[in-house]
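Which chain is which? They are A, B, C and D, in the order written, and residues in each are numbered from 1.
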Amino acid sequence: MSGNTTGTIFKVTTWGESHGKAIGVVVDGCPPNIPLNESDIQEELNRRRPGRGQSSSPRKEEDMVEILSGTFEGKTTGTPISLMIRNRDVKSADYDHIRDIFRPGHGDITYYRKYAIRDYRGGGRASGRETAARVAAGAIAKKVIVRKGIEIVAYTRELGGIAAEQIILADIDRNSILCPDMNAAGKMENKLEEAKKMGDSIGGIVEILVRGCPPGLGEPVFDKIDADLAKALMSIGTVKGVEIGAGIQAARMSGSECNDYITPEGFATNNAGGILAGITNGDEIAIRVACKPISSIEKEQQTIDIHGKPATLSIKGRHDVCVIPRIIPVCEAMVSIVLADHLLRQGAISR
Amino acid sequence: MSGNTTGTIFKVTTWGESHGKAIGVVVDGCPPNIPLNESDIQEELNRRRPGRGQSSSPRKEEDMVEILSGTFEGKTTGTPISLMIRNRDVKSADYDHIRDIFRPGHGDITYYRKYAIRDYRGGGRASGRETAARVAAGAIAKKVIVRKGIEIVAYTRELGGIAAEQIILADIDRNSILCPDMNAAGKMENKLEEAKKMGDSIGGIVEILVRGCPPGLGEPVFDKIDADLAKALMSIGTVKGVEIGAGIQAARMSGSECNDYITPEGFATNNAGGILAGITNGDEIAIRVACKPISSIEKEQQTIDIHGKPATLSIKGRHDVCVIPRIIPVCEAMVSIVLADHLLRQGAISR
Amino acid sequence: MSGNTTGTIFKVTTWGESHGKAIGVVVDGCPPNIPLNESDIQEELNRRRPGRGQSSSPRKEEDMVEILSGTFEGKTTGTPISLMIRNRDVKSADYDHIRDIFRPGHGDITYYRKYAIRDYRGGGRASGRETAARVAAGAIAKKVIVRKGIEIVAYTRELGGIAAEQIILADIDRNSILCPDMNAAGKMENKLEEAKKMGDSIGGIVEILVRGCPPGLGEPVFDKIDADLAKALMSIGTVKGVEIGAGIQAARMSGSECNDYITPEGFATNNAGGILAGITNGDEIAIRVACKPISSIEKEQQTIDIHGKPATLSIKGRHDVCVIPRIIPVCEAMVSIVLADHLLRQGAISR
Amino acid sequence: MSGNTTGTIFKVTTWGESHGKAIGVVVDGCPPNIPLNESDIQEELNRRRPGRGQSSSPRKEEDMVEILSGTFEGKTTGTPISLMIRNRDVKSADYDHIRDIFRPGHGDITYYRKYAIRDYRGGGRASGRETAARVAAGAIAKKVIVRKGIEIVAYTRELGGIAAEQIILADIDRNSILCPDMNAAGKMENKLEEAKKMGDSIGGIVEILVRGCPPGLGEPVFDKIDADLAKALMSIGTVKGVEIGAGIQAARMSGSECNDYITPEGFATNNAGGILAGITNGDEIAIRVACKPISSIEKEQQTIDIHGKPATLSIKGRHDVCVIPRIIPVCEAMVSIVLADHLLRQGAISR
């Protein structure tokens, strides 16, 4: 139990259910004297809002964040920063029909097995809505890492089996998919439309790049930075795989291909993805996460109810067709939180 | 700093360098009254020994474990269990030539950047030898989980680009590769031989299956069991990717394909890999980890020395050609440690 | 940094400043299916309200608690319980005159030295108001421990140098001091009145008794239950000393006096205060904490401003004369939180 | 469970039983490049040896420490430092008569109730011998804090009811009691001799002073430095009370007496004991701990056996008459460990 906190020095604790009164997060361990306003956080939350692309649900989630503590006259004070987002668009009655039914692909059955009680409304704690709290905390983490020159960019690398063939970062914000390849983006949009018509959903791959990260971050042997990144990203409900650098392809390379030769100007290649022996080497950190298709689909599915009786289920409503691109700021947030924590951990050593 | 402990209740702390006096581990939080002898641990350590297959180095590492505390009359007492393995086959002079040179693919450069000091002999703390301590701790973790009927099996799924096409568990111990496909195993052996001749190394993929795991393990939202498994496995030096269940392929499925329908008899499929919303569902847990090729190769490589000057390097000696199959018991150990911890965490809730 | 969380399994994180928007607490790790309503928590908060005795300030602090997450249909769900208390009676302007002055006895100077920024209004994070969040969390902890038959009672043992000579628990609620000795209570009331007239404040001693605690709680060697109790109580701003059982008097005993002989019916005496080698022995746990006098006094004091210049200070307003009896529910809360955590920790072992 | 680690960044994990193979400690999180040799640690261990004063047992405990990892060429490397002390003077047969009997004042009964198994030889894990591992870790912690100018001195403040009336630090090492008052020391020696003849034991009070501590250490609200010091010291088996600064006397003061006025030259008094609101203020930290008399006495005592039957017990042998002065280096070690941890925690914030 008590798995709702992450981080060692920069500690993030999220709370809240999809259809409870509110969701929120407490960030403890943020250094003092960092300028921070609600608008800084709201900006990141807005990037997570549905409606940026056709892959998203038309629900209106205003997600207005409120800073309840930890700042004074526009700066952090070193005390815990408490953020709250009231839940507004709540129609719990919409979920009455799944009160006793386990939705395939969701945590309904496992929460019930674990706790012998569950808030079935909108997935309760297991809802994707919880990630809004992560994005809010990530906005603060970004403030911490940006001061050291660290920048994070993430985008859609693959969607519905269509892969970006080229990475033009400037193009990311020029399409609804947040894909760095305009041509692929067009095909992805069609794929989404198609899945929508079928009452089905699709998955995809997000790539996250970290630039400007100083060497030396990461704590061997268990808290290696790639280990902490893998955990942070795998803790996002939709993620089923995490790769660093060459990732799975590294398993198909020879040592002479995979090793990044070192030159006086830096590493000749970057199969390591910026991490050697769990410590950043100063090169770009490259991570890819595989996101499964959204589990809530209109297509009829076989399942059981809480009494073990067979049932069929068709989930109507305004669900997203794909977690991408909405999951992108969540990935960025988790990476920011890990980096902020490790930056501070390394700070402790250097005194 | 202080990243050498893993676990929340079942806590494992490893220590030791490749060419120091000894390596070891302290296991704190093991329940009392579990029968435990040195031979239980030695048996697991022997599975990690080189020489089982031709992929391994001919070095003699006896790895004799000594239990220093925490047991009484053959049973655990609930107090910390301290295990030590003396380093015997130490030839530090062998490493004099890399005293000032950073080996590509290794942590030499990042340890130096992080700590401004490094024990260069045999990789020091970053050596694969550290994993012997993990295997020793894993032997204790296995004792904890076996009591609840949990079993773990791991094997070579892919090596040098050659994949096992069928999974016949009974065949795993019938070949030096620990591959469940005898036909593929033969090809893999050839591949290893070939790489050895070239003075090169190769990578591969290990698959780990967990059977008999009760539902309800895993602590949302950050300590989900897949998140903790990903971290534990990614903390093994060689691992560059972790997949759960359908893994990366899930990103290419539709929701109707990927969702595991639920029947009164259980799940119809297992794309989830036994985990839903970060909690075990009682089905088989399936994990795959991608291992990069071993970084120490005889082939000449470009690098720099600690002064930033260019250098070339050819690493001679008795290095393994592939971490597989020696890494297999390490993967099992890490999975055992995570499961033991989560079993105890869930125990706390159920009182 | 990040010192705002306590507990290992039953984790309590408080946040909030005296004159910020709100204060609150997140309780993570509470077992599911425990009945919990806002009124359960409000009841404990009301016990901390000023105005129960003449020692307290006449400020109106309504302290209405709101449960924001973690319960469903009146029961805990095993997910984090977020509680919030809006700050209402806020007159920040009242504190303008101490903006640049360090109040003696307060954390003004140390917060400033530590963080180089401070929310000076009402003491900010260092305000006694933060303890309301502890009491709220303690109300949940009590629910956890009461299920196991554990009961906690606390009272004024000494105040302004006047000690209770007899302990009649039934009398505690019969006087404004919460003293178990009616005769002493009368003298204490006079002492308080006297100090008030002098513009001064006084200190005292609170005694906490825990009954019905099962044997076996406490985790040697560092997380002994007396060690965790001492930490929890010493973390209350006003506390300068903690004693267990015979406490400081034990230092003046001989072994034959101090040892509690064991009989088939139980311990003959209880100098140990219910704890042996850091583990509960099933006997009554007895703890005493020494509370210093309140630092905010009307009497003129010498101090300096943030520029190091000498200054004089007379703190007018509606401050309490003594933290006792308002601190009593805070002590109970901290003890409850420690016991709940250790109860769950012991639960993990027993599976 | 898993209570054998203390610290957040500077992490100390002790292991070992009195009559097992060895005892030891792993220190994780020590900064790199600090000169460290076995003799540095041995020197501290020697201060804990019996035989310095007549209060101690004549047993020969060589306590030779071995550094097994974490240093290279005489310097720390930032990796875990593993220390081991082999147990030599082991006569387990001496303890056969207490195999089934619970010694009053000891943890025998509580360990048995908690774990349902216990290593009865010499108290097992609950033995005072475990504190040797603390002293070893403390020697490393001292290295960390001395670099910042922090110095710790501890001495016997009271013994068998006789209090030091004056504190002349130079006199501490001039008597076997380590008392800063030569006159009182003489009386204490007589008191010890007397108790010895009676087959009894006595208790006392140790005072610890910390000088040169920078302001700003301590992490509100739960990890206040006084809270962490109280926990660390209360975790020593013999300690039944902890006071900071004026301590219990603060409860008998008025606010105007207790508040330390602030002048441009510093604090006018030091009732706070160097800590305000849980953060160091730069002044001397003053702590007193009350030690109960040693529980092992020759005088006959009433008790029960593990079957609940009445029994009598007279513990013969070479037991100490008082934990003082041998406990003094243990107190210093615990304070050093807390300060090293908080120094590094504050370092993280300041980056």
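Observations on the model:
The rule we apply is simple: a contact is a pair of C-beta atoms (placed from the backbone, for glycine too) under 8 Å apart; a residue touches a chain by one contact, two chains touch by 3 or more.
Since this is a predicted model, take the numbers as computed values, not measurements.
Chains touching both subunit B and subunit D: A, C. Across B-C and A-C, the chain pair carrying more C-beta contacts is A-C.
The mean-CA centres of subunit C and subunit D are about 26 angstrom from one another, to the nearest whole unit. Centre-to-centre, using mean CA coordinates, subunit B is 46 Å away from subunit C. Subunit C has its Cα centroid 39 Å from the Cα centroid of subunit A. With touch defined as above, residues shared between interfaces to two or more other chains in subunit C number as follows: 1-5, 8-9, 14, 31-32, 78-79, 114-115, 125, 220, 344-345, 348-349. On the subunit C side of its complex with subunit B, the touching residues are 8-9, 31-32, 78-79, 220, 343-345, 347-351. On subunit C, the positions that touch subunit A within their shared complex are 1-5, 7-11, 13-17, 20-24, 26, 28-29, 31-33, 66-70, 72, 75, 77-82, 84, 114-119, 124-125, 344.
For subunit C in complex with subunit D, the touching residues are 1-6, 12, 14, 102, 104-107, 109-111, 113-115, 125-126, 130, 158, 160-161, 195, 198, 200-205, 215-224, 226-235, 237, 240-264, 268, 271-273, 275-282, 290-297, 299, 301-304, 308-310, 345-346, 348-349.
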